[in-house]
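Below: a set of structures, written as structure tokens.
Two complexes come next, and they have one chain in common, subunit A, joined by subunit B in the first and subunit C in the second.
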Partner chain A sequence: MEKLTYEKPYIKKLHAGVMNKFGTRTGIQPVKQIDGVSVKKLIEGYGSPVFVLSEKQIRKNYRSAYRAFSTRYPKVQFAWSYKTNYLNAVCQIFHQEGSWAEVVSGSEYQKALGNGVPGNKIIFNGPGKSKEELKIAVDNNSLIHIDHFEELNQLLTLSKELVNKPRVAIRVNMDTGVYPSWDRFGFNYENNEAWTALEKIVTSGKLQLVGLHCHIGTYMLSTAAYGIAANTLCDLAMRCNTLLNHKIEYLDMGGGFPSTNTLKGAYLPGADTVPTVDDFAEIITSTLLNFGFAQEDLPLLILESGRVLIDDAGYLLGTVIANKRLNNGKRATIMDFGVNILFTSFWYEHQISPAQDFNPHNENMIIYGPLCMNIDVIRESINLPLLNTGDHVVVHKVGAYNMTQWMQFITLRPAVVLIDEQQRTHLIRTNETLHYTEEPEVMPAHLRPSK
Partner chain B sequence: MKQQIALFIRSVINSYSVLFFSQNRVLGIILLLVSFFNPVAGLAGLACVVLSLLIARLLKFSDDNLQMGIYSFNSLLLGIAFGSFYQVNRLFVIWLVFACIMVVVAAIIFSQRLGKIGLPMLSLPFILVFWLVLLATHSIFNTGLQQKNSYLLEEIYNGSGNIAGIEEALATHLPKLVGLFFRSLSAVLFQHNIIAGMLIAIGLLIHSRISFCLLVIGFMVACGFNYFTNTYPEGISYYHLGVNVMMTTVAIGSFFTIPSMRSYLLGILCIPVVFILINAFAGFMSVHLLPIFSLPFCVINISLLYFLMLRKNPGKLQLATVQHYSPERNLYQFLNHQDRLNDLKYLKLNLPFMGFWTVSQGYNGAVTHKGEWGRALDFVIRDDEHNTYQYPGTLPEHFYCYNKPVLACGDGLVEQVVNHVEDNAIGHINLKENWGNTVVIRHATGLYSKVSHLKKSSIKVKAGDIVKQGDLLGLCGNSGRSPEPHLHFQLQTTPYIGSKTMAYPLAYYFSRHDNKNSLESYEIPAEGTLLSNPEINQSVKKAFNLEPGYTAQLISENGRVENWEVFKDALGQLYLYSKNTGAVAYFINNGTLFYFTSYYGDKRSLLYYFYLAAYKVIFSDAESIVANDQLPLQLTGRKPLLWLQDLVAPFYRFIHINYQSNCQLQKNSLIIEAKQYQEIAGKKTQIIEATVNVDQDSLQAFSITINGENIKARWGTENT
Partner chain C sequence: MKIKSDIATSENGFIFNPATGDSFSGNAMAAQWLLAMKNGKPEEDIKKDILEKYNVSVEQLERDWDDWIVQLKEANLLEN
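Here is the complex of A and B:
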């Protein structure tokens, strides 16, 4: 008989809850491998913590989302939202699949160019574009989505000195019946600001109005809102056609489709509550198809989805540093990854799985990160089996926003590993070194340490 | 003015070369020279040509026919005959002028009437008018024309026997048959001169290897046949041998038909018939003292051609529908068009859905596509794991294709709609209403398409509606004989639901293999193919959207300027016309690709280079989409080899010219890269490299490297 592993004795508070036919089991399964690569080997090879991305899953997500739209609408284009995850390797996967680039800053713009995206396939969004950045975008024939009148005026002035006629769209905000209404970006539809901007662009004759853009929110749980948004853009496009005699080439519906992560405060898990990409595709495409465009005049439909395409392809592997019992008797486990690298733990109740076999007993516990800061809480309450120091865990669905919003704070940022479709691992970002973080620093002479 | 004179000289020369169904200048000039072997006849012939051309020009008859010498070659024959038959005197000139006018009138009437039903007039006007002249001179009234007394006339009148006349020194040295061959050739110009025949033979060889080959074959077979039957114990008259037998073999074997084994055979089979015609007509006409000239040739050609035209199914013996006045060109263009002109053969049908679907059951599939209902396609959507549904797949809604839009595959009229059949639960079938919810569309008489198993109450069209290609018909469902959601698509000749199927290709579609798309054209997709309608790059499409009225000015690197304009001809075909060089390039743009079909004119024109560079362009920017094509063989630069190829071309081709192009995205624009390879007996060499630049939805420039020489040109001003 195999020798059983030693289990530390513990005392557990008895909860007299509702009877449950499954007993005390939680259904937690150990996750020992990702895409066929063992978690243990990954940590041995690349250190702990480490971010792992699955190329297979990314491609699968892209293809199924693209299929959802392209089998419902004749002209569909995806643009990869750089801010969601702009590791070049990740961007290249999306570009290989056919995505354009959607960027919101000059540096992201340069990144897209560096990734070999042709200028006319870069969408330049955001409220903060500088004059120089606009100039470069115009030179490259990029699609500039105007956010406010200052930008519009600046483009009109710029267009006098540039060879290319800027190709522009305006971002439109509107009431889609969803709170909070994002009215801080773009021009408002209801108070006619958007129409004023469109008239100004077309009558100026200096800008080439090619599209209309909206982005009604993020992690949207209502498909109806997209129906309203699509209808609004169609209405503006049709008015442009009839009143300004100007044909709109594309409608950019933005992104904002939710991943299956569970939002904090949600009663049911995300996987059970969020609409699928198919649901969004159905309402958007049917609105467009039924609006009354002539078949050959149907505008190109652009989508800038980020989160839904990558969130579940990302994993964070970590190691237990220590266990504690808090004063109130609650168990606490300290991990070697903190909120500085797992930014989304502020929004989501991330699913965490042990990476090795465990005993069937589990306990509600709090998961802390390694930072010497009170805010460093990964999960405030989670039922997990008892973990020992040195055990590995896998945090799920961390592909979106973490690898862009992470901070170098107290600890250094870890490596990122990509598992390709042939189950080979590739280091796509090395872990940070002290030298890297100190490199930009300049020491005034009088503060230099004396030898 | 200078141009006018050049054109006039050209039509004079063409009047000569067209005697041998050619527009070859060298042959024309040789014939012109040879006709002067008999100076009087030559002069009279030339005078008649000039006179008739002037008349036709003055009266503004069709420029094309004028240019090709159609109206004047009968006058030429008349002039030569006049010069050969009559002695020159004052009255000779007068009668010649009037006879010539009569021929012109006859030629124009004949060419009009016969042309309407697609038949040539050949030398009928000449024969008719000259008979009248002969009858008039034979009459009791005095015309003042004095017939020559020569062996030639004897020969023509008697129609057989002795080869008499001036025996050249050559005649004694050459074998009898060879001498006879050349003599026979010279008979077309009413001569019996070996040197003349030799010169004509050289001209003909330059004009066409196939024609020359057929002349020899006709000659040999006729001599052999005569030897065998002994119809003419003293040998066939060289006049009839040349004018009737050999010319018939050439015309039937290579001019009116596309040269092939069958056309050669037909040309040979005509020979005995020509024998019958010669004998019959000669006997009949001798009563009136009239020579029959080339009447047997005219009769057999016109009647056989008409007979061939009446066939319902041309099969492998094809008539030359577009006449290039060169058997080689006819053949190469025909072979080239056979593979390329599917756009003119089939209606352009698209796939009835959006995005990529998979053929789950193809033609004559194992499940339900059997027998007369075998030519149908079933489509489903599959994911990367080849599943058609999402877990758990127990409801139609779990299937990817369910609820997806179904489109009209082509323009047409909705014939029938069924929209009330319930969708089945998964695994159940409804045999009572086998086809479920269905739409039948009439695209043309005898061409209907049907989509079946649609979702209940999802159909947006009703019977009598007119739909355009790509219009939404309804949604994919699970009604009728459908255990799981799929789309059934078939073409049929009758408008009924339940009609039997017919095989019909889809115009263009992308088929995806290993995540790479390739463009298939006019194919029937096989089971398991992952396919979608082609993804079109609008910028390239707009750039190549050359409608009538499009004008462009091209400026080459060395400062040459050419003005182009797009026109539409009487048959509705579009062509680019270079105003400066007169060159013409026909093209087709079907919304998925642009390709040239033929080029006529100066090979130094910028239009010719553009023709080579943009021979075929697919409107797609995907790198994996490569356009492959073949150019007609006459464009090869290897002339000596081509002559060899010409000789055997009707039976076997060992030279191929391949063309390849694809679009490459640049930073802000797009270039089309093209390459041309020559393949000789399997050995491939690149001969041309070209690029065409597209920017801002229009053509910007092109560059081509041909035999190491680089030519660059850019578009100047343009309007569309």
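Here is the complex of A and C:
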């Protein structure tokens, strides 16, 4: 006789009270495949945990964002934010789509060159550029976004010994009406510091002032802030034209558009609350178009979006190590991935789906990682079906920042797999080994183990 | 491990503790285990029955039994 299907026994306390006005949560579905590739096979082939990226989704996101701007404004250019995810395969997808590179360090700059990006299509941002790095950027005709007067003075000095005239923009910070106001990047608009810098650049005659840049925040939930920022850059560009007789070629609105992840403490899911790229495009482009530029003088609009273009194309697949109950009876599930590789779990409530069929009973639980650290909490409270040791799960929307901010800590960093548009899988970063992590270490002779 | 004698249970998994006023809902397996325990069936016999009737390994059953007892304790349904 065939045996009956077993399910773990489970009781749940019933609470009398008012109904949740949003209704009960329904529809947790198993996610057994990503872009047609079985989760089980991905784990069998590449180990657990493993990051998976969908090339199809990345391209779709890029094209959709580009369309949102290019259908509203005649001159649009995206520059891929390397710090968001600088795996070379990922960068190449964006470069194939037409993105320039936006880098914020010497090593990222070298990565962009290595990826075949022409020097004049690399935007060198960030507050920490060394003299040597600036020299290389000038030699390559890259766009240097000046962050502070030290850097400006350094470029003026460098310009005396270099053949190329540095192509520069200034980074402008301002009050966009959001809290916290980011005033750490660039020159302030309200106290006239930005204008002083622009005057200094133009009157020096040693630098080519080509653009204006701002980076007003991250995971911005207000489109109005971008309207204010665009208006500010337009004002500076117009004043450069009329007062300094100098035409600004481009306005760079930076990044900061949110993905649909849900922020911790948010009342509603991110997908229901964040503005779309179209919303941001509408306010930015309408500000530029209505500011008063002659049609032929409209500046190129540059966007340095990162998160919104890749977050939902990334998945983390993992496995249940164990279940336990805490002293208050709450269920805790330990996964084989921790906060060291899922940095974004500090500010997002990541959606987690079982990767196999499950029984209909859900239980509220806490999801821990495998690290022997109290901070290793992936989800403080989540309703999930009862998971067994060895079951697989899929963590959603992890494409941004995790594969750059991850760290080798207690556990090693896992492999990253790309699923291409033909549903073929490609290993784009192998999992780390102990040898890899120990390679840079040097052992003094007197501490070497005796044989 | 004995279930409190005054706990009311139904076949479809509803549990009521008259001493505290707490009520619980359980899945089919919970209802079955609870009923068996309430009828005074020893732990070994309950496990044996489950292994005979259901597709579950001994290891899994042992793990789930331990978790089941923790759940009952937490719900204050066991005799002290």
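Convention: the second predicted complex is superposed on the first by the 438 of 451 C-alpha atoms of A that agree within 3 Å, B and C clash if a C-alpha of one lies under 4 Å from a C-alpha of the other, contacts with A are read in each partner's own complex, and residues count from 1 in each chain.
Here is the rule we use: contacts are C-beta pairs under 8 Å (C-beta built on N, C-alpha and C of every residue); 3 or more make two chains touch, one makes a residue touch a chain.
If you're wondering where the values come from, they're calculated on a predicted model, not measured in any experiment.
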Combined model on subunit A: subunit C and subunit B, fit or clash: fit
Partner chain(s) touched by A:325 [first = subunit B, second = subunit C, both, neither]: second
Partner chain(s) touched by A:9 [first = subunit B, second = subunit C, both, neither]: second
Touched partner set for A:74, first subunit B, second subunit C, both or neither: first
First, second, both or neither for A:119, with subunit B first and subunit C second: first
First, second, both or neither for A:295, with subunit B first and subunit C second: first
Subunit B versus subunit C as contact partner of A:388, first or second or both or neither: second
Included angle at subunit A between vectors to subunit C and subunit B, based on C-alpha centres and rounded to the nearest 10 degrees: 140
Partner chain(s) touched by A:361 [first = subunit B, second = subunit C, both, neither]: second
Subunit B versus subunit C as contact partner of A:60, first or second or both or neither: first
After fitting on chain A: smallest Cα gap, subunit B-subunit C, Å: 38
Touching both subunit B and subunit C, residues of subunit A: none
Interfacial residue positions of subunit C with respect to subunit A in the complex: 13, 15, 22-30, 32-34, 50, 53-56, 60, 63-64, 67-68, 70-75
In the complex with subunit C, residue positions of subunit A that touch it: 3-14, 323, 325, 328-329, 359, 361, 388-389
Footprint of subunit A on subunit B - complex, ascending: 353-357, 381, 383-384, 400-401, 403-405, 468, 470-472, 532-533, 665-668
Residue ranges of subunit A touching subunit B (in the complex, touch as defined): 59-60, 63-64, 67, 70-74, 118-120, 140-141, 282, 289, 295
